[in-house]
Structures are given as structure tokens and as C-alpha cells.
């Protein structure tokens, strides 16, 4: 339920940051087990929990063309179920509002015209309350649909619901990153939730290198569990022997790069990266500010000093690549990353932890932080796997048409739901993107 | 009081347009008589009445860099009194919030840094509720100040309050025009108020020409009543004899221009105007749409068919100039306009009428519609009058620094408060501006 | 005859600056007396003399969208006579090349399609030689036409030839200013002509003020001599008493403005001017560079130190206006300027002097430098005079359609042909233009 | 020697297209055998032969930021030898002109500042003649250097000369493609050489598929012969079985794509490709124009009708990818391409053939047109090979820093010197580039 209807949201909580016990409590994990209807309710509830601290004004704003209003995320994920499940499978279903298809379609050309992305922030009506009413109506219709089909859910509908839930989890992450960008655009630098973004006080484990022998490896998803169509088919890749850093690069290491002139030495940068850094006048990661001879950064709990043991975050591919060159290493390929991560448990600092910020790698054996904390830039362009075929129909637009000018990222972040990630998962962003929780793991030739 | 706290604002009212009796009732006039404190309260209350139909989301949005969020208007007008009256004149006054100066200063370089204009829409906090609280606090402080000084209000403070009230009335007009632009940006084309923008059913009076002899004329404000510094000093201008159209140009006349290829004939246009029309693909006034072989237009009551007897509105200077050339006339100079209007009563279709749209000119003698309905583009560039001196200090930035690349408009509009306008009043906008209520009166040489 | 066919153009002369006696000699004056045919030949020859020091490469380049290649000027002025005189009046005339109308029309919509202005620099063919052949062919055809009509030149043709000659003189000035911009774009800063742009060694006369009483004045051209259609009709203007500076503002005075923080104090600037100065990072006039703690400037003779007694040049309207405000004065209106200059001899430092740079005002009575040296920004927007009517047909596009967003400049410059200027002459440029020889004369209220 | 000094270049030859026997004769091949000094002279002479038909004006123009003036290519290739060979290895060598380093450095940050690329077309001086004098001086100095070292050429110098010659051959191709773009920007569409771009009259061989078994393959350059640093090291890649089209896609096939709505169906396009096509209003390959119900295209011999049997050319990666999707295939990866081409003779339609346009594939066995005709877009992003290390020092900037946002192209084109290409050669361009001779070969999964 949105903040504006609750009585306990005093003025100071939005401008300042009065922390409460509830704020510190974290967010209960979503349990992926159980039948699809239960998972539907759990995932949908998580989305609303993420929007709970936000006012109607917060949910309205679109702070850059790449971001979307939280209200739009709330509506678009709902439109997905309405369009691909209810309208397609529920007999006699009538659409909630004839214009919502136009307003809340993201990019599916096959489904019809749509509002241009940079104009999403202009749609003040429906209001946030009305979007919540839309969500409630679709959830009731979905409940009714689950009930009506019982055990006999058609596999086609089941596949779309599964996709819709994974889709909604992707938008959960975007809600977090987009509202972080919006709040950081406010000169007051207000907090999303008091208690979020607390600094790591622990020291980071020392940097070490893990050797991987290479040879013919299998890469990509196979088997009955859900995966996006871009994760398959499973195929062979030949790898030379390589080494991977046993933890993520920390802010302390990144500050050393800055202090060594990292942002002023073109020889460290890709040509396009140097142009981007010059054009945008980058001299530190996004959300960092220099104050009183120290680095501060915006977190979802507001501004605070950068903690040196934490993984560096909100760097572009260009910065990750330049850092790696400076450090005498390189970024791993996605095949190298997947080969190293395949046998690890997908545990880590995920959305449900409630930190909303990467945490220092504790001491221990093996390769730390493969999952959670930050998405790891790989040196691999986002291209189709050998033999891949996109899903037929409108949902074939989900991944394939973005396979150009993007780099693959792996491992999930502190804003990724735990049940959403796996070793074969391929995230992708253009090389200049910085508003996601993106960081650096180093690789080296042997 | 803003909409989101009232119980009577059903969902349909914002998306659709359920008209109520109250909606049709218009807005009670502000009475300019009486002591300054009473006027202060009346003007301030009108601003909030204008924002009353709007949700927090409506008040948040900035639909283009030239427009501002309604929330910003509510706060900025308040900041004006806080900064120039309370902080300067009320002993011991402490500022409400240290960051509000940065957030809500519009363009006064002398008062300090400020948020860049195109970023006003990004400020989700303070929320609308908090801005209302800010207004209430400043109004209480102003009340207290009026009480404490009693009859002994210093003339300097009095002048600034007078300026602040006129300033707030200017922002009342901008609230109307900016929210119209925002709502028109929404594909649903929702209404601001049901009952606003009703079409004129009356026929327009026939077009005729009023002859004015010219010679040496006096132009500009003089005397004790309030006027902006750009209205003086009063000075002599020599005018050749001329004629003025006895009413505004109607939409029917403008449709004839369109149908005669007005937007496709470069010989009718200024060179910059032709470039603007080509770049922006203008083929009709702003807010007009072609549907089912008819012209429709967005009003503050939603979309409806264009009514032929109404004054054409939302045209740029370039369009006004091209129309005049097509019609065999020209636009009047501001001295010609003022000379003709000087002796007229400033009556007309103003903000308080509650139409929020220009109305047809009824039959009658003389020159109709000099005041209200639409701002009339003149052919005069906005330049200082001979001998003029801007006000000293920060308030000297009010008008003088905009005296370049702008044209003068005269007469006020259906969104101008009645007590705000006079014959010497000089409004000004760049030639390509279209989102104000701007229209056309023709002139001719003899 | 162009440089590339002459044997005496050693390599060093274009990169370095080997001055010769001939270079220092100046350019012989064009004699405006005599019948039209003789004036035709004289004016046409002057154009080629101006292009003589330039290579085919120099004549090809277009260094910004506002400038044109010298080759284009050579061809366009020729196309003017071909189109408006020969094709219209010479029986049986056949156009030289069917595509030249498209290539060399500047902006006459009524004459047909044309090459977009920013693409003029892309037309490598016809070559410079071929354009000279075009000029020669049209000159022969004009000679033949003059001969064939003898004394019976139709007044319509005569008027167009007169306009064509004045038009060509305007392009002579543009050849000088456009090639200056092109050469200044070259990191080598090469000279146009050795000997051009020599510094004034004389001291400037002291600054003083000339009082003018004002009252009803007549402004604008009247009588049988040629003038552009924008200079009339002659009409009455009422002027308050005013004062004019008795010489132009010098670079020494302008350096004082710079050193007093002129470019860093927003209160001195128009709002649009401050934006322009910030966007373009202006901190001195165009072509000035700071080297070794001194100001240098690019002249048509190459880089040299700024001479303090010379009029400041290559400033925008915004800079002129800011300087005037800083100096406690203002810019004159065009009526004020014309009233003061009307009775002066139009003598001065013109194109024929061969300086190609403004010179210091020598001691003497009265108002110096009204004509020549630099165009003087006025505070008057470029608008039609009362009762004006543009010429009918394509030539009506000559002036009228530019009457928006431009300021009037008066008096001619060191690149203006002497026979081209008069007291009623109205030049006009947008407020941000700096590549013309534009400077500052101050005015003051009494 | 440039055209403007020869007597046999009548005016008509540049505007029209009077073909001569010499024009049709083609260009004699460069013989790569022989000692380095001989190869130096042969490669350098070829560059000047390519510039021979061009006037100083042609050589001056820069028709878009991605292209460079021919004069700049002539100078930059010379600067390369001066800087990396003479200044580094020839004792006592003094630079020809101190400013040429600034003017003619392309992108080597390590060598110092340089002229921004989009401003290359502004440098009218040195003139073309002076650049030829620069070339002659450097060639003399190189001759002298070759003589002085005799058999004892240091291997470091030898490697740089070899790189310089390959570098110059790359600029030979750019001279052809850049001047094609410049001439196509001229509304007259003039010819580079009469006789160039003659249409293929032969029918194309029928389309067939060649099966390749895949498995572990070796990719990349190895051995003593020259290759760029981006071609190694040789390494293993695992390939699934695949098929390759036995010839390039023809214009007739591409017209079928156009006529089937290829440019209007978003489902065929990558998302970025659809945006590029919409933004630039692509509806056919670059240089194609629709006239009289037929497709014409600009060639280096001027405009002529598109010949259906010729390979389609001047398509972007986005168009190649959309075509492949429409045709039911895909683009090959670079490893697939190299594996198929490795054992082929690098014969084909190269620069020396003098066609300057791709030719129809004649009947025959095997895979045709692997080399020459057009560069073939692969689906592979341009990234470093496993274990690669860029050359140390300034020359390390040659390739590595461009490894982002580019796609690999293989096989050379009709503008590539025959001695320059090999199976491991990796060319690269951004996906929207169209001004190179780029075409399409299809691949398919088995």
C-alpha cells in the first residue's frame, strides 16, 4: 500500500532520514517453492513492498530517458499478465482500460503502438492509486483464472506466467535502480529507506587469483527449469587457461586508480570510453561526490562516505575496462565467468537482504561474490548463442532484438531477487550505462 | 486544499470527465480593494483554488523545459515572500528550510545558486503536502508580520509585497497554461476541470476596422498605481494613422488560412518562422488535432471540436505574422495597441470567469476583446522604453534581462486575473512560444 | 585571376607571411560614377581582386554553416545577374548550366529549390577555374546586353542591375569575413594578405560625449538614389534628448571590462546573452587568444598582439550590450544613430583602404568613425518601417523575411566598399553573431 | 601529380563524364615482391595514382566527420613514415614542418595533441601542391635512409616501415570511399573516373550452400609474414556445423527484401537498427535513388541503374542483419568465415582491377567472392583474441582501443589493394557505417 494513504509518514521522513526499527528489518524473502499461484502472489506482493516507502510524487518521476517511473513499472508488469495471460487465455476476459495497452506496453512492436519511452514520466493519470487499483483488479482476475483452471493450467499459459514472474522480478530491480537515480537527482539527496545502504565495517578479504584450466567447456542453460531464451542452447566453447580474482574490486582499489590519474590517461581507455568520459566529465563512479577531501556516495539510505572495503559500484563498462587495464588484468569473458561460477551455490547479498548496497567480501576459501552485490561486467558482447532461436511471436522480442552494442553482465546484484539469478543468466547493458549496480571482477591470462 | 486528501475525487474524475454543478460554477473573483493584508490572503487563496483539482502526480510533472510543475509554482511564489519580505523585513525571521532557496529560486542570480530550470520536475521531495505546509507557514508568518507592523508597514516592504502579489498572479496564469500542456501530453487527454473550456455557441460579430488618427501619442505607465518597471517611463511616440480590427481573429478565419495552404507557402512566413514550422512540423495551432475530417482541440475541459466563432489561440508569433500577411494586414505595434486600448474599461473574459478558454466576440460597438480572451501578439520587440532604469538589486532582474529575442503581447487572457491587467501591461514571449493563450488582432496601414 | 595559375605564389607565402611591396599597396578604389555598364565592370572586378590571394582550397572551404565558400560567393553573385537580368531581359538567353540555379540560389524560395546552406562547402565541382569561366561568360553576356540596349536600358532591368551590384558589394564584405573565419580555423593561422591587419600605432582620441537634442526626427531613405527596400519609407520618430560617444569603444577599454570580470558577472548580461556566453565559453572577442600574459588577435594579416587604441571588433550584440551596461551607458537606437550621422560625410576606413582591420580614431572635432571601421550594434530590433512594403516577386525576399530575431547595425566597416554605405543603411545580424567586423558605440540618456 | 596542373583535364570531365581510353585501362597492380625499398616506392606511387583524377577542391573537402579529405590522407600517411621511421631512426633527421605533427596525427594520443577529426576539412593550407611537396621530401628522405642502411635495416625500423605500408594501403581504400562520399554529396553526382563503376552484364551464379563440419578450429594469424596485432594470437575455437552461401547476396535479392517491406517491418530488425533506420529514413542502401520507377546508384563513374547480378553494397550491419533474418539465415561469425576462407586463394576484384565496384559472381565450384568485391559483415563483435597483447608504445593504439561497439568485416573489397588482404584480416566498423564497400554473405545452421 503506497505511502500517501498511511498515517505514519511524517514530513521529515521524506526529506530527512529518521530511521525506524521497521526500516532496519530488511525485507522477507520470496519463497520460490510452491505452486505457480502462490508464487504469483509472492512476487506481486514483493513489487508493492518495494514501492511502499514512496510517495505518489516519487512514483511519478522519470529522471532520465533510460529510467522509468515506479508507477509505470507497477502498471507495465501488470499489463504483461493482462495481455499475455488473461486476454489470451481467460475466456471472456475484458480489458481493464482500453488505453492501458498504449500507455504500458514497453517495446513489443507486435502488440501495437505505444507511448515513446522518454514520455512515460508525463502520464500523471492514471494516478498511483488508480494503478494500484489496476494491479488489484488483475490480481483478482489472475486468482480467478488460477482457480478456474485448477490443476489443468495449459502449458502455454503456465510458460507465460513463469515468464511474467521473471519479468516482474527484473522490474523489481529496475524499481530500485530507477528510484535511486531519481532521488539522487534531487539536490536534497533524500533516502529511499532509512537503514538502507549502511556501510560495510568489515575489512575485505585479500585479493587472490583462482586458476581455471580451460579446455572445452559447456556454456548455457539446459534442462527443465525456467531460463530466458537468450541463455541457450547449451554449447561447447574452447577456453585457454585463465585466472579469476577471488573477490570483486573494492572502492579502495578504485580510489587508487583515480589517484593514479585513471580518468586523465587516455592510454588506459577504449577510444569510445575516452570520448564518453570526456563528454560526461566523469572523474569517479556515478553517485560519488568529493566533499571535504573525502569521497561520499549516494546510497538508498542517503549520502554517506565511501567505505573502502565495499565493492566499487555504478561504473560503466568503459571504466571497468580502463581499471582492469590499469591493474594489469582484463575483464573475464562470459564463458570464463560461467565456467567458474557454474558449481557455486547462488548465495549472496540479494534484494531480500535489504542492504540495497554491495557489501565487503568476508574471508573464506574459493571465489567470493559471484552472486549478488554487483553485476559483473564481462568483456563479451551480447550476441546469440550458436543455434539459438528466439521465441515465436511478440515474446520473441524479449531478448533477441537487443543483441547489439551491449555487453553481458553476470551474477546479479544487491537489487536482484534471490530466486531470479543463476549461473547461466545473461544480463546486458550498453557500455556507458552506470545507474545499475555494476562492478568489476578481474581476470588474467596465465 | 489539494485533491488527494479529499474524499470526493473518484477515479473516473481524473481519467474521464464527470461534470458537477460545482465544476460549472466558475471561480469567485478576487477583490483587489482593501488593505494589503486582505489582498495578500485573497491572492494566495486563489493560487490554491487553481491547484485544487490536481493530484500530487499532476502537480509533480514538468512537461517541457519552458513549463514548471504546479508544485514548483506553489513553492516559488511562497519563496518570493519569504526571501524578499520576511527575511528582509521581519525581525528574527528564520528560513523555513535551508535548501528551499536553492530549489525554488527561479532566476535571480543576485540571490544565489539555483536548480537548473529543466530539472524542476525531478524534485519529488518536498511532496505536495509539504509544499502546502510551507505555504501555510509563510502565510502565518506574513499574517504575524502584517499584525506586528499594523499601519506602519514600511514603503519598501509594501512595494515588495505588492510586487509579490502581482508576481503570484503571473504564476496563477502559468499554473493554468503549464497544467494544460501537461495534461495535453497525456495520451488520455484528461480534463483539468469538468466544465472548463466549453465552446462558444454564439456567432462572432462581423469583422470591421477601427480608424485611429495617429500623431504624437503618449505610451507607458505613469502615476501612483502599481505597474512593473518595464511599463515606464511614460514617453512620446509618433504614430502614422492606422486601423485596428474590431475583434480578434477567429478559428474559422484561421481554418481558411490553413485550407489555403497557409502552412505550406514559404512566401507568407518570416524566414525563422518557416524554419520553426518545418522543424516542428506545424500544420495547425498547438493542441489542435485532425479527427474524422474535423479539427478538434484540447481544452482544460478535455478534447472537443473547434468552435468557429472563438478566437484562435495557441499560435506562435510566426503563425500570427504569417496569418496577417495572408490576410493582407499586419500585426499592430505595441504603441498602436496601447493608444487604442487606453481609454477602454479593462473588462473581459478573465481567469475568474472560469471558462479557461477564449469566447466569441458578441455584437456591439467599438473594439472588442482588448482585454481577456487571448494575449495579442504585437509586431514590437521587447525593448526598454526611453529613459528606463531597472529596479536596483535582485528585483532588477525581474524584467530587464529578458529584453532580447522576445515579442510584446498585450491585453491579458482567459487565464489572467482581472485585477492584474491594464492598458500599459507588457507581456513578452519568444516568437515560437505557443503554450500560452496567444492569439491575433489585425492592423492595417491607412 | 586565381592564385593557383600564377607562377609567383611560392609555398611559403601561404603558410608563412612573406610580405611584398605589392601586398602593402592596398586596393584601388572602385569609382561609382559613370554609366551602369562601367560600374558593372568595376564592381565585378573588385570581387575577383578580393579572391586573388586565395588558392582553390581556400575558396572551397566553408568553416561554419553561417559562412559560405568564397567560390560560392563568386558564383552566387554571378547567378544573380544571370537569373534576374539575363534570363529575364536578354532575348534568347540560354542558361550557362542547368544545375547552377540549384547550386547557387541563396534563399529565394520563389525561384525554386536550392542546395541547403550548410552543404555549400561540399560542392567541389564546378572547380574554382570553372566558376571563373562562369563569371567570364556572364560578364560577356552582360557586356553584350549593355551594348545591345544602349541608352534604352529598361528601367526594370536597370533597377535589377543596380540591386545586383549592391548585392555583389554585400558579398564582397562576406568574402572578407568568411575567409577570415576560415583562415582562423586553421591551426597555422595563415594570412589572407601580408600587410593586411597592421596595428594602429596612433593613440585614440579621448572619449567624449556629443549632445543631441532629440524631438521629432525624420528617419529612413527618400529620393532617387538607390537604397534597399528596408530603408524606407522615410518617417517621423520622436526622440528624447541623448548623447553619443564621439568615437568607438577601444580594445583598451574592452580589456578593462574583461579584467573587471565582465565575462563572469551575470548582472551585466541579458539572460540570453549569459546563456550564449556560458555555452560557447566566451571570455574575449572572437579571434582573441591569450598568450604569454598578453592578448593576441587573428587579423587578415595573421596573428598579432591586440593594439589598445583600435576599436574593439568581433563582439556579439550580447557582449556590446554587457559592455555598455558595465560602462554606465547603453547602445544607441537606430533612429538616434541615424539622426546623428545624417549630416556627416560617409568617409572612413573602408574596404578600398586595404587595412582590413579597424583603425584608431584620430584627434578631431565631432563624432568620429560613424562610417567604416566596424559595424555599430544598435539596441534596435530589425523590424519594418511604418508603411513599408517589400518589393514584389522573388526580390521581395531580399530583406523583409529576415525581420525577426536580428538587431540593426549601422555605419559599415573596414570590409564595406565605400560606395555601398550611407546614413540610412540598415545591416542586421542575430545577437550572437561575431564573425562580422562588429563593434561598439556608446549612448547615454541626458 | 594533381589534375589541376595537367593540360588534359577539360572542364567537362569533372562535371560531366567524357570517358577516355586511358580511363578504362585500370590501374597496374602493385607488386608486393622485392625488397622493402622497392615496395615502399610502389605503394607510395599507388596512393598518388588514386589522387590523380582529383582537383585541389576535391582533395580539400570533408563530406562528413567519419570521412577525411584526400589531402589529409596524402599527408597523414606521409607523417606516419616521418614520425615513426625517420624521426626515430634516421640520424639527424629534422622535421619538415613543426605544425604537421598537430595537423596530420590521426589518433595517437601518445604522440601528442592533434586537430579534432571533424576539423580536418578546414585546413586549406598547406595546399595540395604543398602536401605533394611534403610527400616528395619524405620520399627522398626515405630513399636516403634505405640507401644509408643498405642491408642493415634494423628490424624495428623494418617492422615500422612494413606497418607504414600496410597503413598506407588502408588509407588507399579510404581515399576511394571518402571521395565517393564527397562526390555523392554533390548534387551534380560527378564521376571520379570515367569508366569506373561499369555494371556487370553477366548473370550471377545461382545461390547454393556450402556445408562445413565445424569442430575445433584454429583461428588467427601465425607465422613470419606481416599481420596486424589484432589478428593473433592463433587460437582454438569450437564451431558447430554450419553452411555458408556460395556467393554474396545480389542487388536483385536485396530489391526483393525492399519490395517485401523490409524497411517497414520492425520484427526483422535489431532494436538499435530499427532506430537508426527510422532516424536516418533509410529505405535502400546508401547511394541508391529511386528515379522513374527504377533504382539507380552512385558509383565512382557517376549515377547509373542498379545491375541486378551485382553484390549489394553500402549496407550497414543493421541492414545486413535484417536482410539475413528476412532470408531465413544469419550472418556468419568471423571464426566461421575464416575457417571457410583459410584455404582459398586470395584472388578477386580488388583495387588494381580498376572497377571500383563489386562484380557479379561467375559460375564455378566452391565459395565465390571470399576476397574482394565487398567487405562481408560478420555477426562477431570486434574484441581481442584470447591472450592478445597490443604492441607497446604509440603503435599499440593502432587497433586495440577500438575494440568496442564495432563489428568485424572480412575479405576485402574492390577498393582494397590485392597485396593487403588475407584470410585472417579483421576489418571493423560501427554497425551503422555504410560508406565503405560493405555487403552480405549468408550463413545457416545445419
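Observations on the model:
In order of appearance the chains are A, B, C and D, and numbering begins at 1 in each one.
One rule holds in what follows: contacts are C-beta pairs under 8 Å (C-beta built on N, C-alpha and C of every residue); 3 or more make two chains touch, one makes a residue touch a chain.
The structure presented is a predicted model; accordingly, all values stated were derived computationally and were not measured.
Path length between subunit A and subunit C in the touching-chain graph (shortest route): 2. Ranking B-C and C-D by contacting C-beta pairs places C-D first. In this assembly, the C-alpha centroid of subunit B lies 41 Å from the C-alpha centroid of subunit C.
For the pair subunit C and subunit D, the distance between C-alpha centroids works out to 45 Å.
Subunit B has no residue in contact with two or more other chains. Contact annotation for chain pairs lists A-B, A-D, B-C, C-D, with touch applied as defined. On subunit B, the positions that touch subunit A within their shared complex are 4, 11, 14-15, 55-61, 63, 71, 97, 99, 102-103, 115, 119, 121-130, 133, 182-183, 185-188, 190.
Of all residues in subunit B, only 107, 109-110, 216, 235-240, 266-267, 269-274, 317-318, 321, 379-381, 383-384, 386-387, 397, 401-405, 431, 445 touch subunit C in the complex they form.
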